[in-house]
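In the two complexes that follow, chain A is the common piece, with chain B as its partner first and chain C second.
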Partner chain A sequence: MTPIFSEDQLTIGGRAFDTRLLIGTGKYPSDDMIPIIIDASGSRIITVALRRVDLAAHTDNVMQHIPDYMQLLPNTSGARNADEAVRIARLARASGCGDWIKIEVIPDNRHLLPDGHETLLATEILVKEGFVVLPYTNADPVLARQLENAGAAAVMPLGAPIGSNRGLTTREMLQIIIDDIHVPVVVDAGIGKPSQACEAMEMGADACLVNTAIASAGDPVAMAGAFAAAVRAGRAAFLAGTGAVNTAAAASSPLTGFLYE
Partner chain B sequence: MKTNKIQLNGKTVSIEDGMTIGDLIREKGLDPGTVVVEHNRIIIDTTDLDRIAPAQHDVLEMLTFVGGG
Partner chain C sequence: MGFYDHFTVWPSEALSRRIRSVSDGDVRRVLNKHRLSPADMLCLLSPAAESHLETLAHKAHALTIAQFGRTMVLFTPLYLSNYCTNGCQYCSFSRDNRIERRKLNYDEVETEAQAIAASGLKHILILTGDAPAIASVEYIADCCRVLARYFTAIGLEVYALTEVEYRYLIWAGVDSLTIYQETYNESLYANLHPKGPKRDYRFRLDAPDRACRAGMRAVNVGALLGLSDWRQEAFFTMLHASYLQDRYPETEIGVSLPRIRPHVGGFQPAFQVEDRHIVQIMTALRLFMPRVGITISTRESAWFRDRILPLGATRMSAGSCTAVGGHTEGDQGTGQFEISDERSVPEMAAMLRASGWQAVYEDWHGLARVKAPLGRLKHRQISPSSQTVDAVTL
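Moving on, here comes the complex of A and B:
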């Protein structure tokens, strides 16, 4: 079947994608599963993290499981301030994995909420250095505007705290960001079910990033496929234009007829 | 044989004098193409790994990519 919106592409940093589902590589039972997840999800953008080599044990390099056609999105997880995020971004680029960077500055290990001020500082520095910057933030419309003005290639507000699977708890702020921001809005973190990803897309989000909800599913491969379908459905619904919400009922079938006459 | 004490990923280790970063990576059973190295906070290009021999008290960070969201 021909897709209804075959020309509808997501463009970030000058690169166009036919898929609007971004995936992560954390928390899988085995990294061997990653290529199968990529296939099932249809995703073309994938996050990775940089860590010290464990010299006491064999450290598997996640890159060997990621096909060349994927757009790598290294994150700066572990950074607690802008300086550390900038340092990790430069290391990631030096490793040869391209110039995309997901800025993640998290000073608090309990709620894993990002530091907006430090994220903005890091964005300003890395944009000037030629990075394609995708900052992960709280769902703060003012911050999103500041990041856009600083040259972020996309903004990535959270739906709920990382790994919580709680869905779009920030719904109202997300809607303001979606309505106000011109660069792509990628809802990142907290999406626990395909229906929540679908809702974010129906609201007009440009994409969703899903890691934990797929990796921690009973069947991660099947869940990757379910998320792919949900994101496509939500996008199609957004483009189709959802009907008005009314407090009063409005009949779908004609009520006038012979019974009343 | 002279050795140098260096900080490698936060731990003090002794390495032979003259040993390069590339030697050190291979000694740990790693492929130099899969790690990124910071030497005294300066990122080392892969092509320079076999040309730099850490000196006493140098600080090395050896990093690689892992799964993350």
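Moving on, here comes the complex of A and C:
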């Protein structure tokens, strides 16, 4: 896929990408759809729940459907604390899934909200072990800074609770993270519509990860294409520089006019 | 304060009156709510909600797709032993029934495991009757160490254990617990369980709490539908699940909806639970707890299971046999109950695929398994009152 600005690449962990849409593998009716979704989305980074990977590969397996040119991003779905996340990450690497790891530490099955403290602990350990760590977190600017300092290759704050399709309900905190953090900010979770992904990109997010909104769409392939277009449009708008938004009309009677009298 | 104190605030007679007084307007109001209280959930279980089943189904379908996608985790039961000291009136394994009794040795466990693993399944559910002197916790743990070579997730459906015993089995490789209260009606429970350790209603009721405290990843509760008024049983089951999820957010709480099936002994269920009732329960449960896992076993017919796929189920058994050794030798009339859906794992997977669903064989890799020998548990000491059962130490 031709990027709008050829020099505008997303760089994570020393690898550059021409696309800023990350996708997932969960919730599809068949793994056969994965290569088709990859094509339609133009994505080059794909996250896979290691809990669903048959490490012995005796059965039909999600990994068989992911082309070699994709950057694999195994995730630690199912981990309830740092210890479990670290063990899953090591299992991923030992089974040939590479050095990239998306840390998901979720101790709350009601809302699937991530545990920031345990995520930070796991990040510190795995960075030291040479992993390229992308932690999934709440939209907490202080935590994002701590993760950056711990060596995270990117931060992945949520837009809304995972699977909720509610959009950027954490908008204000996301903007602070985008403004202050120097590693790539990938908005993850909660994005339900292409317009919301576009908005995140217009705000200056470096990328978006979208799974549920594509997988649960009536036509997932068409929706993957729609998200690709939305992410490109949002990025182009951000680079072009959106006009300032005025909250009040321009005063017809200037308050500083007297300076020029 | 345990679940007993939590649910006895809903006396049976008052509950019955309230369910029957729900109006059509009450149901409509609940259907438009974002988050449901127990009282709202009760509205959805009422006779008044029966005329809204289609709306319930659409909402349940949308929530299920958003939370779980078009996926179904498959597993199969493996019966290790059918010795039992209880006299449950609805169960073939009751000590009063003259059936051939058997406990698998470790070689036989391995043979069964190989036969099941050849179907591609990675999740296994192990079951025993209630005879700790024969199928002891140590025996179950040793079986788990055999099974861990073949399966990535091991579920447990055995007699109620202490917290220490649950922890011991987690170390041996168990990830999840399934335990049915059978009926939440305490006096009916006493009638149906006239002898054996299962008579202790409170000890069984508190078993899910003990498993959660022990660190079990997933805990599945349920009532045997048909023993009592299904609306009340469904209400208390959901209340139980909700209580557990609130108290133990790190544990994946699930609900099973088992309907009573024919078995040796000829017990006749007092209440008829029809297909539309199961649909009402399942969809109400999905709206009440959008994230909860819902298991539908081979107790249900192939016809019915195929049609309720979109309504909220997340886990189904396949290739099931309820007899000890049944996966290699078939059921010689010693099963716990008659299954209804007799399809093999490949047949189930083919049906799911044709219906636009993905069969998930592997949804977890056991992490807690301890490689070193576990040692023995100290004597099993369960007091009739569930207050002191956790005094047992390794």
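Heads up, the rule we're going with is that the second predicted complex is superposed on the first by the 234 of 261 C-alpha atoms of A that agree within 3 Å, B and C clash if a C-alpha of one lies under 4 Å from a C-alpha of the other, contacts with A are read in each partner's own complex, and residues count from 1 in each chain.
What we mean here is this: a contact is a pair of C-beta atoms (placed from the backbone, for glycine too) under 8 Å apart; a residue touches a chain by one contact, two chains touch by 3 or more.
Since the structure is predicted, the reported quantities are computational estimates derived from the model, not experimental observations.
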Checklist entry - Looking at the overlay, what does A:T25 touch: chain B (first), chain C (second), both, or neither? => result first
Checklist entry - Thinking of the overlay built on chain A, is A:M63 touched by chain B (first), by chain C (second), by both, or by neither? => result first
Next on the checklist: Looking at A:R110, would you say it contacts chain B, chain C, both, or neither? Reply first, second, both or neither.
Outcome noted: second
Next on the checklist: Contact-wise, after the overlay, does A:E84 reach chain B, chain C, both or neither (first, second, both, neither)?
Outcome noted: second
Next on the checklist: Looking at A:N165, would you say it contacts chain B, chain C, both, or neither? Reply first, second, both or neither.
Outcome noted: second
Item to check | Touched partner set for A:C97, first chain B, second chain C, both or neither | outcome: first
Checklist entry - Which holds for A:N75: it touches chain B only (first), chain C only (second), both, or neither? => result first
Next on the checklist: Between chain B and chain C, whom does A:T212 touch in the aligned arrangement: first, second, both, or neither?
Outcome noted: both
Checklist entry - Touching A:L50 in the superposition: chain B (first), chain C (second), both, neither? => result both
Item to check | Set intersection of chain A contacts, chain C complex versus chain B complex | outcome: 26-28, 31, 50-53, 55, 58-59, 91, 163, 212
Checklist outcome for this item: Listed in rising order, chain A residues that touch chain B in their complex are 24-28, 31, 34, 47-53, 55, 58-64, 74-75, 77, 90-92, 94-97, 162-163, 189, 209, 211-212
Next on the checklist: Which residues of chain B touch chain A once you look at their complex with the stated criterion?
Outcome noted: 8-11, 28-30, 34-36, 38, 43, 45-46, 61-69
Checklist outcome for this item: The residues of chain C that touch chain A in their complex are 65-71, 120, 122, 217, 245-246, 249-253, 291, 353, 356-358, 360-365, 367
Next on the checklist: For a test of understanding, state which residues of chain A touch chain C in their complex under the given definition.
Outcome noted: 26-31, 50-55, 58-59, 78, 80, 84, 87-88, 91, 107-110, 112, 163-165, 212, 215-216
